[in-house]
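Note that chain A is present in both complexes that follow, paired respectively with chain B and with chain C.
For the complex of A and B:
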């Protein structure tokens, strides 16, 4: 397949503090005891995409990520790790590595995607329509991100789980409108010209842009080149391409190369193509084609390009690890309802306990739990719906519910952990009670302390 | 009035299962428009023949077949003619189908009509609301059922509109019926109508939907491919709503939009889409043409000439879609092409060709006449050698030999076209002169002229013969030798649009022109599409014109801005300006923060509108304006909230209406601080407020960070001193 794959793995995201650090960047954050990046890489591998460029922010991060990848995949994949400066945005990252891109189409995927959507199907959709961009859409997750809760008092209309507003044509193949980020909360503005050409637009608020795109390389690079203000693929490049799809500006300048130029093709072949398409598909020609052919006799030539979507089925799992809430949700899902993603085989009790893990007397590990290699638990402990990493030492009478405990964590007797994330090398002294907390790496929670909804991290 | 009405409605509902309420319909026999002039000066629109039968017959026949038992025909213009016609016809003595006329001379709109009907207190349950120019064969059962079901669940579901799929030509913004394009937003699950926009403003490239529409629904569909059939199933509340809102005139523009906008009462409108049935309303000459063709092509079955057979004559369908009435005398050498209708007793001469046309009763058509795509009504005389293309020729017209009609001509009653005279394209010819007081403004078109003129006409109906003999001599020259009638001068506005609504096919160059305009429009949208420097795309950047932004601001802001500009240009004193703004504040019921925001907006807008070559110059402009009018502004800035409002307003301007300020934000903020317009506390609490905001909203906080930092450190220094 003539696709080049770019994985945007980011750097150290502020939204995920205190879970991430230079040593543990976003990409290596463990989900069910595996770096989150491995989910994307293995998803791509399933579609036989083995040639990857992983782009990370910052040199240190590049070293860490590179080391992990060469350890884990050296034998089967060809992965190149490129580092770009911090805060250049996704568009800037692509600009920085543009010289590496040679294939006709580029698949760009966010490194924090945890999904089982067939990437090959997205690529095929892209090719079939000869689109300039194809975006993967998935159902918006039910559980809202933390931001919506905190700012909930301000605007009451905001409902959790509303990320993007997406306009589709009736066949659900083309992307006609997209509002992302702050625009979602504003009034909807639809271009009449597009509505006129299509006749009907369906606006969906229950879909989310999963940040997996197939771009036509020539178009992407041209847009990035011409619009130097564009910083983000999702917020700038994609909306721009969607907006200008009936009045394409791309490929107007420079010498378009015949082999890779879909829009030229549409323009040069007139009625005949329309007829042949009708005969071939036995369906109506797409509105793009009708639109471009509508001007026969007029001196100007219309250009249009297609923005397509691939909508993942409701049975597929698709989530992005871009907030702490999402981190909790994804960990829960990967060992729970989307357990096939984890790549582990579950025991009869629907949980995974590593053979080297030691459990004390009367200790129970419920279903949808995971206990990593070499971890020890004392007597009368109870673990429910939680992930516990490697080489943790957990005392007696400890309760862990709906939480993630990373590696080398020490937990004293009679501790209770609920809805929290405990990073590596944390020490919880006995009788500490944590509820909905995030504890940064290496932190020491003093004995008997009781915390609720706090972020605990080393200064 | 309201109380007894409601109780009667409730009683009928309660007994729904026991006593069946007869289905009622209101048929409005007046369109309250002037689109069929000059013909409608002499005859009401509902009596105009459509494929040789008056339009109202189609509507009544359909209502009868659809199970309506009681029809109230509301007559306004030419009411006597309508009533006379109905009396003579058999509609008044049908079993199980009562037709009652309601007459009103001083109604100027559908709204008035419904108010009159409400006062009569004749409607007791759900009713069908149609106008007398509707042609349909749809079954109402399903739509009525849906309406009743919804009504049971939600008493606010007052109306169900019937819509039909119909692709509008995107280039010329009109449907095949010649009506304007309509944008609708419909909830795909409940079929609730959420947004309705006809009479679209073409200058605006975007459709603006309020965010709240999406608040309750995960999805909605926007439609441009639906046609409004103007068949509504209404609950009795609709009538009382018209009475409560006495300013509702137009069914769609006022009533539907009024209900959609009003969220206090929470009334809801739903749509019912028909797929295979036919429904269309004759709104203008183009839809007259389209619907006539649809009838001839039998899309409206059973409403077709050979089945309907009004009056005594029978019409037979022959091969190739030719309909012939009896007693036609046609020369051997004459040709009647496919899809034509020839009326009773018409004579056709040698070598005459009739293509795609409808010819009425008792017409005399000479030899060597060529008729194509025309609608020729009754008792028309066409002498030898005439050429008629795409025109409407009313009763009693005479075309002298050798005369011709160019496409799109309308000849009203009894006009005589002189020998060899060629009537120019799109002309409207009548024996009556064009009413002078015509208001070309669509909004007011039904407001004044109609009723006044019609009443005089009704009077003159009896004596028209004598009047006509007078006119014989005067305008003779305007239609050639021996011609009688006035060619109406084209009013401005109408000139541009005449091709849209005429029966003539739209010429290719018009379409090309429209396509060109469309492209320019697209270009405009993209040109105005500069991105804010932050790279965060704002939806407003799609707008190219400032008007759009103005629309978003409310009237108060505009009013303040105008007041301010007047003060600047006329050198009005500061305290007078303050007085004026105060009075605006009271009349719009605003608070001081609103005034401060609006005034500040006006000032900054004024500053940015002054010529400036560089950012520096712009800063100087701002400083000059602010220095001069500082007092007015600060009089509204007593409170911290008001100052924050100003900062927020400024931020908003930088993002949307005046992006030139974006790079100068911190600088101007600092200046305002120095000038004591804004106090430190306000700036700090503004920053505080923004802490929770999205990254994208923080652009300006970041820009002003050094200044804020300085502010925070400054007080410590003060203490030291």
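For the complex of A and C:
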């Protein structure tokens, strides 16, 4: 279908420290015991897109990711892993792999997207309107209520920095304005020409940009060439295209129109004009068309390009893993409401317990939990709404509530873990109490320590 | 054969014996007449066998001739051609006595898919690329037309963009735009479809073991059936597709791939150019002569040719007024109205329910057409027949402006056989008026059926003249044009 897919898997993000490290990059962070990149890859595979380009930052990250992908998807998909230097931003990443891109349209997916939105629908909307860029918008997730009090005094006001301000036209098909909520200080600036052309803008704060875009390749590469200062697709390229949609400076057809000489060429041009007139008159006039054919007596030739949106239905799940809060939420959702995403089948108690996992006597595992392969739990433990990874050794009388425990973790007796994330190879000694903490890989929590809202990592 | 023998017997008995019972006369003439009769019978039988052998040979040739186009059209019209092939063969057998007439006789046009036959509908559904759920509460008399739930079509098709690998992206885009209702009007739909087919042909490459002609025809059939699933093809689009297929069939076998593709693309370009663009210019030239100063012209619906006529006449400096008539649910004429006003014409706008009150001041009626049939009837947007009838009553001449490629050899007597059903929800709701929600749950009411017809048929009595690129002809001359010009362009 003339689409090429690029997955931007990032590198080692600072926002997710200490969960991520050189050995465990962003893309391989486990959500419900599966690397988060696997959700994107499965989604693309469902849509029959078998040729992917995965872009990561940093060479060793590339090695890790490449190794995992070839292990898991060798025969089913054809994946090319490309590495770009760190800190070039998403725009820089696309610039680096520009020579690989040959298809007419490019689908750019963020590697930390966990979703079941049909990718084909975004691409179809893009094709139907012949748009320059199409963005996927989904309902912004309401940060789930934590069962415990939210992490201490750090931020009492829960700043929902994850929302965007989106301006749509009345038919909800075209994107008129986009700004990240966090950037907006006091005012919102909207192009007057756009407002005049459309007549009515609907500004919404409940939609979130899911970082899944369909770009027209020629336009994207041209913009990246001309504006070398652009670093990020979401923050620079997209708003630029949206702002300039009625004063288009990009060449829509790739090659500039040469000067026509001679009567035959004039004839063919007038024929072309007639054809485009017929087609334009017959179709539903969009405001772009009305604008370009607009005022009588205007000298300048105005061209317009279209920026479309696809709003996913409320039944679809869509979330991005860009903060630790999001990590907790997504883990909870994937086992809870959006359990069809995880791909596992649930047992009668509404939880997933691997057959090789061992439970001690009187140990309860509540609903919406997950127990990985080879994990052992001692007696009288209780696990509620948590994910426990592979080969963990959990002692007796341990309470794990609302947490994520990764692989090869040793937890001593009488520990209590609430709302925390514990990375691999961590050792918790006896009677450790953790609440809303993040423990980095390989850390040892000393016996009897009580931590609240801390980030514990090896220095 | 039996008929002949009986007449022969009767003739003989009349000649030789009194008109008594023939059985009595036979023993009188006994041997000679019996032998004579025997000999006569044998001679007749031999003659019959000879002539039958000739006709059998002919019918065999004609059958094979019919079978190969039937085979090549298999994919798209399997559902249509199945019964008619057998019926046409039986026609040949019956008319075996008149070989000349049989060669000249045309086959009945392939039957369109009738959607009230459950078996055929099931079969078609299994083969279909677009998943459509049938609508409920269908009007009985229109059960032979397809009607689907309009809400689900577009999302269903969209989410399957990447699954439909066999479909060329340009063709898929056209299908999407049809379902979404982005394009309306025969000229635009035809142009878009031909352009998409052109793109598909440019990207086509013959697979190793296959012949270009047959494989490309099969591919085009599959594209066309996809497009017609999205929205049923109009009759004139069928003409365009027949043209493309006949050009493919006429390609000399010696052509390489690239030569064949360039030839086809230039043919399609030529078709669009000659039959649509230049035809429109010629029509405008003819029709302008019919507009005088001081005229009041009435038009209905959104026809691009009529719009061009009005704008060119205005550019030439003629002074006239325009009455633009519109109707629910689409209100298509408003776009036309906006464009006319922008150019400075003085217009009046009204709805079709007031047509009989303004017709007394109208001097000419210009209407567009979707297709014109052989008996002079015009298939056009619903409401056109009404306008033509009112105009006829008020003795206002009605001019139909349509290009020659919309002429078809079919004959239509009513609007029921061949029509299209639109979205019933469009009739149930009024855009912009949320308070008119009395029909909100109409699907649940069993004794309520909504009907949204798209086309209607105007009889030839109400039409004064048809302006085409071949000139201005009366409706009765349509079969002449179809016969003379149809052969050279569409039918091999």
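Keep this in mind: the second predicted complex is superposed on the first by the 400 of 459 C-alpha atoms of A that agree within 3 Å, B and C clash if a C-alpha of one lies under 4 Å from a C-alpha of the other, contacts with A are read in each partner's own complex, and residues count from 1 in each chain.
Following the convention adopted for this analysis, contacts are C-beta pairs under 8 Å (C-beta built on N, C-alpha and C of every residue); 3 or more make two chains touch, one makes a residue touch a chain.
Quantities reported herein were computed from a predicted structural model and do not represent experimental measurements.
Judged by the touch definition given at the top, the superposed model places A:308 against neither chain B nor chain C. Using the contact criterion defined above for the overlaid structures, shared-chain residue A:81 touches neither chain B nor chain C, since it reaches no partner. Set against each other, chain B and chain C touch different numbers of residues in chain A, with B touching more. In the superposed model, A:318 makes contact with neither chain B nor chain C. Of the two partner chains, chain C is the only one that A:49 touches; chain B does not reach it.
Once the two complexes are laid over each other on the shared chain, residue contacts for A:2 go to chain C alone; chain B is not touched. Contacts of A:243 after superposition on the shared chain: chain B is touched, whereas chain C is not. Within the superposed three-chain model, A:423 lies out of touch with both chain B and chain C [touch as defined at top]. Residues 155, 157-163, 165, 169, 172-173, 176-177, 180-185, 187-189, 191-192, 272-273, 276-277, 280, 302, 304, 307, 335, 339, 342 of chain C are the ones touching chain A in the complex. Those residues of chain A whose C-beta lies close enough to touch chain B in the complex are 89, 147, 150-151, 154, 157, 159, 165, 167, 179, 181-183, 185-193, 195-206, 227, 229-232, 235-236, 239-240, 243-244, 246-247, 249, 294-295, 297-298, 300, 302.
Chain contact summary for the complex, chain B toward chain A: residues 167-168, 170-171, 173, 181, 183, 185, 188, 200, 204-215, 217-225, 508, 512, 515-516, 518-519, 521-523, 525-526, 529, 531-533, 535-540, 542, 692-694, 696-697. Residues 1-3, 47-49, 104, 118-121, 123-125, 127-128, 130, 271, 274-275, 277-279, 281-285, 296 of chain A are the ones that touch chain C when the two sit in their complex.
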